[in-house]
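You will see two complexes here that share chain A, one where it goes with chain B and one where it goes with chain C.
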Partner chain A sequence: MEGAHSTGVSGVLCADHKGLCLGVRGKASNASSGTVAALAERVAMLEPGSLDPVILLESDNSQCLIHRNSGITLAVYKSPETS
Partner chain B sequence: MHGIGRVPDEVGHLILSEDGAVIASGGELENAEQMANTVLCMLTRINKGQLWPGDSGDAFKKISITYTDHSYVICLSNKNIHIVKRRFVPHEPIKV
Partner chain C sequence: MGCCCSTEQENLSQDGEVNERTRLLNDPVSNTYQVTASSNDYGNHYSTSATKKSDDHSVLNQILQHTASSIIDVGALECHTLEQHEYIERVRTYNQRVNAIPQVKTSNKRHHEVQLLYDTPATERVLSAQPISLADFNMMITASQKVVAAVAQIRVEHKEDLVVPFGIP
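Let's turn to the complex of A and B:
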């Protein structure tokens, strides 16, 4: 959760393999943990033999990076106003 | 032609309709129905789930799925879902 203090990061969320929120900081909602975990799970099925990829969702004003490692899914929210 | 093929380092493309039907495909994504199903599930999950804090309703314009040596880029254009697979060779960091 130390990344929550990095430049540009507005929020951080951690979820376990079942979508349970393990921790949240900044402008992130624990209600997103299920969606984040489900996204990571679904994308991992694309290439079962490869390491889990990094998912980047970009909108006009914000970004959300999602990565799963060892069953823990991390979502990092970035927005310009926190740069 | 759909204009795909001008994306640098593209090795495959897939175009889906709003309901997930494959409109065009080529390269490594030719007839990639599993990719189509996965992308549709992802988009459905993103639209239904609360991914962004609060109720800002921030609609995502582009989705990138990045592996070690290739990536998939997904975007919506003209009511179709465009997916491009791109190869890249990671550069070694510059040592100063």
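Let's turn to the complex of A and C:
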């Protein structure tokens, strides 16, 4: 988690396959672990058989990247690149 | 609830006034002499032709009275001519009201065709934007791999026994 702080990341969240929050840093809230895990599970059903996708949620001033790997869902909150 | 059959006596009204128990239809099994039905059924024209004519006249008069009372004579009504200034005022008021309603941009498509994202301006610009940068994508992949590796290294350190036997002699 510490390595990701250098690239404009404002928060990180880890959840297990049942939505239990394994760890949270920054502006991420542990209350969203269930939502993040459920979202990753549903989106993986869009293309069954392919690798788990990386989900990007964009708003005007922030981004949320979600990726599930071997049951562990990782959510990274970022501010948009200024450069 | 209604009652089909009961042992109670029928409480017909004494005075002959109309209440909830008065019959709407004539009793079909009664033996009372029914004037109108018999004269129509048996077609006894000779003696009832005169009465029939007067009956027709009365029915016709009833219809005429009913029509006259319910007729609306449009031609005889007062004509409401609209003054020019009043007309202009009304046009302005109605236009204001119509413009106050939020406009829904409907294209020439037929009404029942589904229009998605019609309220998002510049949809093509949003949809054609780059979905995710390659750097972000690679960062997510490597970070999630590290997380999985870290979770796999979680161990339980056995320091003390959980179950301790007490020395009870």
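What we mean here is this: the second predicted complex is superposed on the first by the 77 of 83 C-alpha atoms of A that agree within 3 Å, B and C clash if a C-alpha of one lies under 4 Å from a C-alpha of the other, contacts with A are read in each partner's own complex, and residues count from 1 in each chain.
Everything that follows uses one rule, which is that a contact is a pair of C-beta atoms (placed from the backbone, for glycine too) under 8 Å apart; a residue touches a chain by one contact, two chains touch by 3 or more.
Here the structure is a predicted model, which is why all the values come from computation and not from measurement.
Of the two partner chains placed around the shared chain by superposition, chain B and chain C are both touched by A:L56. Legend: residue contacts after superposition of the two complexes on their common chain; A:Y77 is shown touching chain B, with no touch to chain C. When the two complexes are overlaid on their common chain A, residue A:E47 makes contact with chain B while staying clear of chain C. Common to the chain B-facing and chain C-facing surfaces of chain A are residues 54, 56.
Residues 3-4, 7, 14, 16, 22, 54, 56, 63, 65, 67-70, 72, 74, 76, 78, 81 of chain A touch chain C in their complex. On chain B, the positions that touch chain A within their shared complex are 34-35, 38, 41-42, 45-46, 49-54, 58-68, 71-72. Contacts from chain C toward chain A in the complex involve residues 131-133, 135-137, 139-141, 143-148, 151. Of all residues in chain A, only 11, 27-29, 31-32, 34-36, 38-39, 42-43, 45-47, 50-51, 53-62, 64, 77 touch chain B in the complex they form.
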